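Labels for the chains are A, B, C and D, by order of writing; each one numbers its residues from 1.
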């Protein structure tokens, strides 16, 4: 099994505070990898290094390297813009742009120079279908995206990400504000998407990780405590801390 | 949106560039007349009539005051300058044409019963020596004297012809045009002012000075003393368009327009 | 893909930096030209003779603008006396006593009124205020009183609108807390709401003051423009701004320079007021 | 003697009500006077015909054109400059000495009285650059004058755009400029528009800065080098020189209506934009 993303000796500082401490990790192609850990464990920060959005924060400094397909994204080779076309991100709360459903999804393709209405329509239909939203909104694509329910909005955001055909999809606690049915729909979508994408799911809901992920990494206070297949980590965790976390003793 | 912003910018810069060529005063055959605000309203009227006859020659009339008009003529920024005062020093090099004479009328509100003042009384009112109408035989009420602002041709002429070496008092109110003075005097029963005879109307009453009322007749026979010439100025001899306009002004048609406005016509050219 | 993007982005950033710098450039050019035209006369006749000179007769070599400086402050103060108290009372009433509908309607209405050209205020002053003063109080009517009234009315919308915003942004909890302790409505307003909105109210006064001291055409229309320092409320007066506008059209040589010197003094006064205002408001809000 | 607080409360309530009614009453009276006195003199003929005899007769068509041209042209210059500056200050820099200096410059420009702009425009554009009293001189002067208004309102509006919208845009591979033009500016548009409308309003109602830069020629301006007389200037001259009170009131009414229309258009556009997607 080959790895899509390889993280080597990654340290990250906000000013003088170290938030990630020597993280080494492989993320495998066409699998769903879960990052779990209590709050302030650094799991969200870790994915914001992969899409490089972390650099919009004040006074950020990194050491080490993150390779995607063998290219170090922390080096100078790849522009942020090109990287983010490869790496799609879904945020914790659904953030639709204040425009129509259609325009939300067409936003990315338009950036890439696709302006023809029929092309865009095809992309919109395909992305919405993959996000299990097409049937619900196909008759009102010109309505404001803000009129959708929370769960629909999050699937819209997923579709918006898919419209760019990213190789990697990062999901930062995408279901934290959603009801169980919406959560289930997202998980269903992910299961189908992994054949074409490499997916990282960040969550502090251990049950969701166990349900949805093939691999799992457990972080605590910026350190990677343990990583492996979901079966292995959930049945025979190496570290006592992982076991305590899974059993809900803290976090 | 980005495209729109840039569009704005391009449009803006295009306009700047395209207009750069149009700054010259004589561009597309336009005559610019500027200077004394006393002459300005009459010139506007003359220009209206002139442009009916020669629509291909637009006349742009501006104020600015006599001194500015003289200066602009010297600099060549206007085609014709207007001055309501005589020329001094190096200004005398300009070609000056008297288009008519104007009397400066002393005016009061129609409710004011006074009909006659001496030059000395007018001077005393403006120097602050006489400050109450009672001193002139009317009611016990302060006089609201109104003058023009420093630099105005009308004020210059008034100072020369009436005030002599005496300063106008600081308590005297100041307005910046003949019309504004007329407006104040027309509304205030206790006011006194001086304006061009040409713009006197029923809102104000002229006062005889030293027994003489200002009128075309008294100006012509020189019995009314507060009179000044209205001058058109050109730098060197006027160009064909300017000459056409000046000829129109001096023609009987132009002079009739001026005399209808209460000014005293002249005939022919005079030098200053 | 990466390169063309980044070079375009750099270009845009430079362009925007230039745009931002343009404001500074304009400020600099304005100062440079006003000073270049106005300062030589200060050197020539001495700043004391201009700033503290009592006689203005620029065609005869007198360039004193002290009476105008005094007059400018007098009418500005007068405008605040009329305008500020009335506006604050109005804003207080509207934010604390008036109903929701009135408030909703009010904001755009005030913005509209703030947009009425100042010459309209001046004209109505000439037509309605000046004759009344002349008839019932004496004098020519063109006076500090009429000017202050016109300016006071003119700055009403500005002050009401901004102090209204300040009062509305006081948290409702403050009022409820005070009322719950048995204070009357007025005690609540006077002891709690007004102090809490202090810096905003102050800012509105300063803005109103700026408008009043900078107003030109409306003042020319109602002030009478006499050169003497007024000694009674019914005396006419000339402000710094109206001095410039009255004579600029005619002025040449030293006379024009003197008008720019007037502009320099006006600029210095305005800058000083702005600095004080900024300092004061910031200090108050910081506390 | 101690007054009963309840009595004071009642008294003050009455006093405040009285003052509020007085203040609003004065302002309403101003509008009413202009409408009542102006309406009989306003007609289509008044709007579309040329003035005769210095404005004593005829209409104000050239003044309307001059006003519209001045308002729109100054926006053409001021909008990109102002919005660009606001974008620079909010999106392209962090707070630093540099931005503080620029903000100081903007604040200072905002505090300068219009007559100083008139003085400056007169000496710089009219005389030094030789543009004469012209539409261009007036436009450039007004551009500088309204710039701070546009910068400040745009900056407020841009700052109010939630940061996560920017993050979404970046995460979808947009560059900074794409994010600004496709996400930030559309979201901030209602605020930016308010600033623009305020600026047109200022250009339309300004007198002091316009009269010394654009002159007061009554002819219809047909090029940027032409002088022109805006409605506010025309009103000022009509009223001040007592040329015609009727025409003055008529002009004042058109002027106030113009400002009213600008306000309404601004509110309409703003509401439409806000209503569309929320």
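Here is the rule we go by: a contact is a pair of C-beta atoms (placed from the backbone, for glycine too) under 8 Å apart; a residue touches a chain by one contact, two chains touch by 3 or more.
Keep in mind the model is a prediction, meaning the values are calculated, not measured.
Undergrad: If you average the Cα atoms of each chain, whose average lands nearest the overall Cα average?
TA: Chain nearest the centroid of all protein C-alpha atoms: D.
Undergrad: What is the chain whose Cα centre is as far as it gets from that of chain A?
TA: Most distant chain from chain A: B.
Undergrad: Averaging over Cα atoms per chain, report the distance between chain A and chain D in Å.
TA: The separation of the two C-alpha centroids amounts to 48 Å.
Undergrad: What whole-Å value do you get for the distance between chain A and chain B if each is reduced to the mean of its CA atoms?
TA: 80
Undergrad: Quick check: how many Å separate the C-alpha centres of chain A and chain C?
TA: The mean C-alpha positions of chain A and chain C differ by 55 Å.
Undergrad: Just how far, in Å, is the C-alpha centre of chain D from the one of chain C?
TA: From the centre of chain C to the centre of chain D is 17 Å.
Undergrad: Hey, what residues on chain C touch two or more of the other chains?
TA: 5, 220, 245, 249
Undergrad: Where in chain A do residues touch two or more of the other chains?
TA: 81-82
Undergrad: At which residue positions does chain D touch at least two other chains?
TA: Residue numbers touching two or more other chains: 80, 84, 175, 177-178, 182, 186, 240.
Undergrad: Hey, which residues of chain B end up touching chain D in the complex?
TA: Interface residues on chain B, with respect to chain D: 1-2, 5, 8-9, 11-12, 15-16, 18-19, 22-23, 25, 27, 41, 44-45, 48, 58, 60-63, 77, 177-180, 182-183, 186, 203.
Undergrad: So in the complex, which bits of chain C are touching chain D?
TA: Against chain D, the touching part of chain C is residues 5, 8-9, 12-13, 15-17, 19-24, 26-27, 29-30, 33-34, 37, 85-87, 89-90, 92-94, 97-98, 108, 111-113, 115-121, 123-124, 126, 153, 156-157, 160, 184-187, 210, 213-217, 220-221, 241, 244-245, 248-249, 259-260, 263, 266-267, 270-271, 273-274, 278.
Undergrad: Would you mind writing out the residues of chain D in touch with chain A in their complex?
TA: 94, 164-165, 167-175, 178, 182-183, 186-187, 276-278
Undergrad: Taking the touch rule as given, give the residues of chain D at its contact with chain C in the complex, in rising order.
TA: 5-6, 8-9, 12-13, 15-17, 19-20, 22-24, 26-27, 30-31, 33-34, 80-81, 84-85, 87-89, 92, 101-102, 105-109, 111-120, 122-124, 128, 144, 147-148, 151, 175-177, 198, 201-202, 204-208, 211-212, 232, 235-236, 239-240, 248, 252, 255-256, 259-260, 262-263, 267
Undergrad: Within their complex, state which residues of chain C touch chain B.
TA: 55-60, 67, 130-131, 134, 138-142, 220, 224-228, 235-236, 238, 245-247, 249-252, 255
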